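In what follows, chain A forms one complex with chain B and a second complex with chain C.
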Partner chain A sequence: MGETALILSEVFLDVIGYWWVIIPTIFLGLIVGGIPGFSAANTIIILMPLTLAMDLQMGLVFMVTLYCAARMGAGIPAILVNIPGTAGAAATPLDGYPMAKQGKGQQALAISFVASSVGGLLTTIIALATMPILARVGFYMHSVEMIVVMLFGISLIASIAAQDMLKGLIAGFFGLMIGAIGTDVVYATPRGTFGFLELYDGVPLIPALVGLFAVSEAFIIIEKKVIIREDAEPKNPNWHDTFEGVRIAVSRWWHIGWTSLIGLVIGVIPGAGASIASFVAYQQSRTFSKTPEKYGTGHAEGLIAPESANNGVTSGTLVPLLVLGIPGGATAAIMLVVMQFHGVSFGPSLFESQPKIGYGMFMAMAVAYFLMILTILPLSRYMSHVTTIPTIYLAPLIISFTLVGGFVPREYMFDMYLALGFGVIGYIARRTGYHVAAILIGVILGPLLETYFLRALKKSDGDITTLFSSTIGNILWVALVISLVLPIFFDWRRKKRNGPEIVVQ
Partner chain B sequence: MAQDPSEKPRQLGGEMVIPILAIVFTLYYFSTIWNSPWTAQVSAFLIGGILLGLCSLFVLRCVVWVNAGKGSFGFSNLVNMDDIRTGRIGLFIATVLFCVLIEPLGFTLTTFLFLLSSMAVLSKFRNLGLITGIAALISLIGWAVFILAFDTRFPRGWFEMTMEAMLQNG
Partner chain C sequence: MTKTVFNRRGFLKGSVAITGATLAMPSIARASSYPERNINVVIPTREGGGADRNFRAFSSIWKTKLGVDFEPGFFPGASGRVGYEVYMGKNDPDAYNLIFGNMGPEVLNWAMQAPSFNIDDYFYFGRVDTDPCALFVGAESNLQTMDDIIAEGKKRKLNVGTSRMAHPASIGLLSLGEVTGAQFNLIPLSGGKNTVAGAVTGEVDFSVLTSGSVIAAGDAVKTLLVFGENRVGDALDNAPSMNSVYGTDLPEMLSSRAFGIHKKAADDHPDRFETLTRTFKETFEDPALLEAYVAARGTPEYLNYGGVEDCAAFKAAMLELGAKYKALLSGA
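Now for the complex of A and B:
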């Protein structure tokens, strides 16, 4: 214990000495995270020669900081202009954007920054302390269990659809159907591809995200002079809104804590990602809220949940990477390549043979989150100005940069046309009262659900009862049913309580 | 219950576009997996079946509402004169042209032309000097960041080639 504390303090001093790398990387991460198509993963790939030229510890500090900052940066356009920078921030605009429209963009950014930093910092500490236990989580999560985790995320469709259940479900299932485009995972039979080879791998997420959120939003916002609502209280930039946002977030420390833990646990599972974590956290947050009806209208807790969860994922993905050598996501896979280039071998022995590397990654994450809150929070005052830029300038900017962002991940021109196609679908959906987030949840989670479903069926020779064959899976099924039934029960109880009051009045 | 005469009837024609798209797509999808192995069919038939059921229910609901005078099969919530007034149609045409022209003309020049034309349409051709300046500045920043600094494989055209030659020759 004493030895570990000594190593940790040494590592801390080493990492903090790289502040001159961390701070510029934070800004780089915020930019690449905020532009759809540019993620931490492809930025690290682009800057791979630079990363390989650095010494190992500096390279790790750079990559980890970029990873954390990009995750946080994805939430900024999600809040200000309803465009999630990555799929992991797809649940952020549900409450973040309504806040921005109400003139509370600065407050929303401050809430998001605190939730992200505190969530990330907290889960980093927990991951560090419980690494051996967390590393085993992945072993217990097989196809059956993953199906239930996916269903937790997909059940958010029902929550979003609360206003008009039928239209919400149509949007969600339409998304699931679009998500089923591509070859099937067992025999690679092409399905619903319209003959396009580019769709054989399925619908790429970034063009779908760009089209459904960014392009369609750009065509909607031009009806108004600025994004901010006309009846919103006009404000000059002031520090008060930032402090108010910090106060709101800090007062919900418990909420940040448990939703970031959801992110941590989901992040530990290889293959699961920030998008699943943020949808599940949002859905659970709404389920256990005393005011579920406020979700979707600019409710602070609806913003805290996805932001703290997707930052919880960042520390979670490092656990299987360091302990088992299994990367939990694309960025972690690239980190693996860089570390292997430097001769680092993974596994439980890493913490004995090269403790400074093992602990160093978590320490870099903790320091990055700490410095991030100090550097970004003051900027929320200036970032929120985006909501006051005239839409005649903003809309074309959004369209041009997000459409080319759709091109970046695979570098197919086809993806730009696909983003435009999704933009048209998103525009029609918005104008006629269908929730684009419900479509996107289907597109993101549909293929994953199908993959796990087919794997489970294949392993059991087509026996559907396999879905209820594992203890952990069954516990998760019960939890899923409870989380679906509870809101209905709470709603019924609230109506029952409020009923007599109305009579008395 | 009588309907409030001041209340505009719901434009259900517009609301039916997504369900009809969903039905058409689902039927097309089914046609592509009809003779496929069961692994390719199982989840699609499950999800598609539910989707078809939901869409049929929605169409039925619309018909009942129209018959009850609660709505009409109009499309004004989707397409109306505002689309011309706000410049939305102009912006859409510019966006389609942006996608078509970016490959032959390259990222920078196409972005400049797109920003210039769409901002001009949206501002009803006012402040053209300012708009030209903004479009030029933004597209140059885009070129500097994405092509010069990050060396991404954005489509390259005349401008990018010329700049590359100029920079290589000092």
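Now for the complex of A and C:
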């Protein structure tokens, strides 16, 4: 224990000495995270020659900081202009953007920054302390258990459908159908590709994401003068809104804590990721909320949940990488390549042979989150100006940026047309009262659910009872049923409680 | 002594003369030479992956022999199909357009589902490496030897992770099942990373994969068998080859990267094709290639020159094995 504490203190001093790397990287990460299509993963690939030229510890600090900052950066355009930079931020605009439209963009940014930083910092510390236990999570979460986790996220469609059951379910199933496009995960048989080779791997997420959210939003806002609602009180930027956002977030510290833990646990499962974590956290947050009806209208807790969770994922993905040598996500996989270049061999022996590397990555993450909150929070005052830019300038900018964003991941012109196509679908959905978020949940989580479902069936030779063959899976099934029934029960109890009051009135 | 005055007029005259000469020189000097410009290379996988690193290491030496550079274009998707369709459908057959593919899994694709072009309209002419597939278990698995696996596989059908169904490693495993009588159920886990994770976390009983990815997994896994020759010894836990243990004559199940070209380009421009094949071979003879490969973190033991005949034989073997196991690999 004493030896570990000594190593940790040494590593802390080493990492903090790289503040001059961390701070510029935070800004780089915020930019690449905020631009749809870019991400920490492809930025590290682009900058690989630079990363490889750095010494090991500096390269490690650089990559980890970029990873965390990009995750946080993806939330900024999601809140201000309804453009999630990555699939991990897809749940952020559900409540972040309504806040921006109400003229509370600055407050929403502050809430998001605090939730992200505190959630990330907290889960980093927890991951560091419980690494050997957390690393075992992947040993128990196999395809059967992951089916239930997916259903937690997908059940959010039902919550959204609660406002208009028929339209919500139609939108959700439409999304699931789009998600089924592409080759099947077992025999690679093409389905619904309409002959387009570009659709063989399924509908690419970023064009779908930016199309449904951003392009359709640009079509909508062009009909108005500015993003913020006309009845929203115009304000001059002031520090008060930032402090108010910080106050709101800090007062919900418990909420930040448990939703970031959802991210941490999902993050340590190889193959799972931030998109699953943010939807599951949002769904759980809504389920246990006393005011579920406020979700989707600009509710602070609806913004905190996905932002804490997707930053919880960042520390989670490092656990299987460091302890088992298995990267938990795409960025961690690239980190593995870079670290191997420097001769670091990941796996069970890492903490014995090179403890400073193992602990150093978590320490770099903790320091990055700490410095991030100090550097980025003051910027919320200026960033929120975006919502007051006249839409005749903003809408074309959004469309241009998002189309480029749709193009970047695969560099296919086809993906730009696809983003435009999804933009039209999103616009029609909005104009006719169908929830685009319900479509998107189907598009994002549908293929993952199908993957785990078909894998479980293939493993059991088609025996459907395999879905109830594991103890942990069965516990999760019960939890799922409870989380679906609880809101109905709470609603019934609320109505029952309010009943006499109505009579009195 | 005459003093040379460098004035504006003189500068302009000199500049015009030099520019004209510069523009004229290449066409005079290289009027009939090949190559006159950079060579485009279609890579049917994502940028930043193993193929990218391998390509950059090899082309960094090859370009010194050819005198021009290589310009990669990445066209990932559909297990490589997108890249091949782009190459065959959109690139001119003029020997200025090549493809850098993986003769193992990508050729197996054609056996499962034919592409839109005739697969004889292109061929591989230069093999860069041969990375044999391997069978491995997670470090904590109960199955720690091949005897354990065979014995258990005779009691129950074992779930075996593979990167995707149509993969040389899958064929290696099916052959193992045939020769030992053990029952295996292939579970496609979508990519090497997930295939390693599946074995380590117990999602599957064990996995099969190209050995480069297995080596990268370090001590989280233990290799038990190689579907080819173990050229790296301890890095693959000194695992024996399948043929040596079970007396089979299975061809090496390989991930094997190679440069390919349109058949029409080779037919119409034999001089250009000769330049390509000659310089490709010269690249292998240059010691700098090994250094570049090591610098790119490649496994130098896997560098393995192969010419047109070697590649053709391997392509034909993959197609034949693919046809043989098509029902099992495609569910057809």
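Keep this in mind: the second predicted complex is superposed on the first by the 505 of 505 C-alpha atoms of A that agree within 3 Å, B and C clash if a C-alpha of one lies under 4 Å from a C-alpha of the other, contacts with A are read in each partner's own complex, and residues count from 1 in each chain.
Note that contacts are C-beta pairs under 8 Å (C-beta built on N, C-alpha and C of every residue); 3 or more make two chains touch, one makes a residue touch a chain.
From a predicted model like this one, the values you see are computed outputs, not experimental measurements.
K.L.:
With both structures lined up on chain A, is it a clash or a fit for chain B and chain C?
P.N.:
These partners fit in the superposed model.
K.L.:
State whether A:325 touches chain B only (first), chain C only (second), both chains, or neither.
P.N.:
second
K.L.:
Looking at A:461, would you say it contacts chain B, chain C, both, or neither? Reply first, second, both or neither.
P.N.:
A:461: touches chain C, not chain B.
K.L.:
Using the touch definition from the top, say if A:189 reaches chain B (first), chain C (second), both or neither.
P.N.:
In the superposition, A:189 contacts both chain B and chain C.
K.L.:
Specify the angle subtended at the CA centre of chain A by the CA centres of chain B and chain C, expressed in degrees to the nearest 10.
P.N.:
Given the fit on chain A C-alpha atoms, the answer is 80 degrees.
K.L.:
On chain A, which partner touches more residues: chain B or chain C?
P.N.:
B
K.L.:
So in the superposed three-chain picture, is A:282 touching just chain B, just chain C, both, or none of them (first/second/both/neither)?
P.N.:
In the superposition, A:282 contacts neither chain B nor chain C.
K.L.:
Quick one: classify A:422 as touching chain B (first), chain C (second), both or neither.
P.N.:
Neither chain B nor chain C is touched by A:422.
K.L.:
Applying the touch criterion given at the start, work out whether A:176 contacts chain B, chain C, both or neither, answering first, second, both or neither.
P.N.:
A:176 contacts chain B only, not chain C.
K.L.:
Please work out whether A:167 is in contact with chain B alone, chain C alone, both, or neither, and reply first, second, both or neither.
P.N.:
After superposing on A, A:167 lies in contact with chain B but is clear of chain C.
K.L.:
Of the partners chain B and chain C, which touch A:403 in the superposed model: first, second, both, neither?
P.N.:
Only chain B is touched by A:403; chain C is not.
K.L.:
So, does A:201 touch the first partner chain B, the second partner chain C, both, or neither?
P.N.:
Touch partner of A:201: chain C, not chain B.
K.L.:
Please provide the least distance in Å between a C-alpha atom of chain B and a C-alpha atom of chain C in the combined superposition.
P.N.:
Across the overlay, chain B reaches chain C at a minimum of 6 Å between C-alpha atoms.
K.L.:
Under the contact definition given at the top, report the residues of chain A touching chain B in one complex and chain C in the other.
P.N.:
185-187, 189, 411, 458
K.L.:
Show me the residue ranges of chain C that touch chain A in the complex, using the header's touch definition.
P.N.:
Touching chain A: residues 47-48, 74, 76-79, 81-82, 85, 112-113, 139, 157, 159, 164-166, 185, 187-190, 193-194, 196-197, 200-204, 216-220, 297, 329-332 of chain C.
K.L.:
If we count contacts the way the header does, which residues on chain A are in touch with chain B in the complex?
P.N.:
Within the complex, chain A contacts chain B at residues 43, 46, 166-167, 169-171, 173-174, 176-178, 180-181, 184-187, 189-194, 215, 218-219, 222-223, 391-393, 395-397, 399-401, 403-404, 407-408, 411, 413, 416-417, 420, 423, 425, 428-429, 431-434, 446, 449-450, 453-454, 457-458, 462.
K.L.:
Over in the complex, which chain A residues touch chain C? Could you list them?
P.N.:
42, 45, 48, 138-139, 142-143, 183, 185-189, 197-198, 200-201, 270-271, 320, 324-327, 333-334, 336-337, 340-341, 345-349, 410-411, 451, 455, 458-459, 461
K.L.:
In their complex, what parts of chain B are in touch with chain A?
P.N.:
14-15, 17-19, 21-22, 25-26, 28-29, 32-33, 36-40, 42-44, 47-48, 50-51, 54-55, 57-58, 61, 77-78, 82, 86-88, 91-92, 94-96, 98-99, 102-103, 107, 111, 114-115, 118-119, 122-123, 134, 138, 142, 146, 150-155
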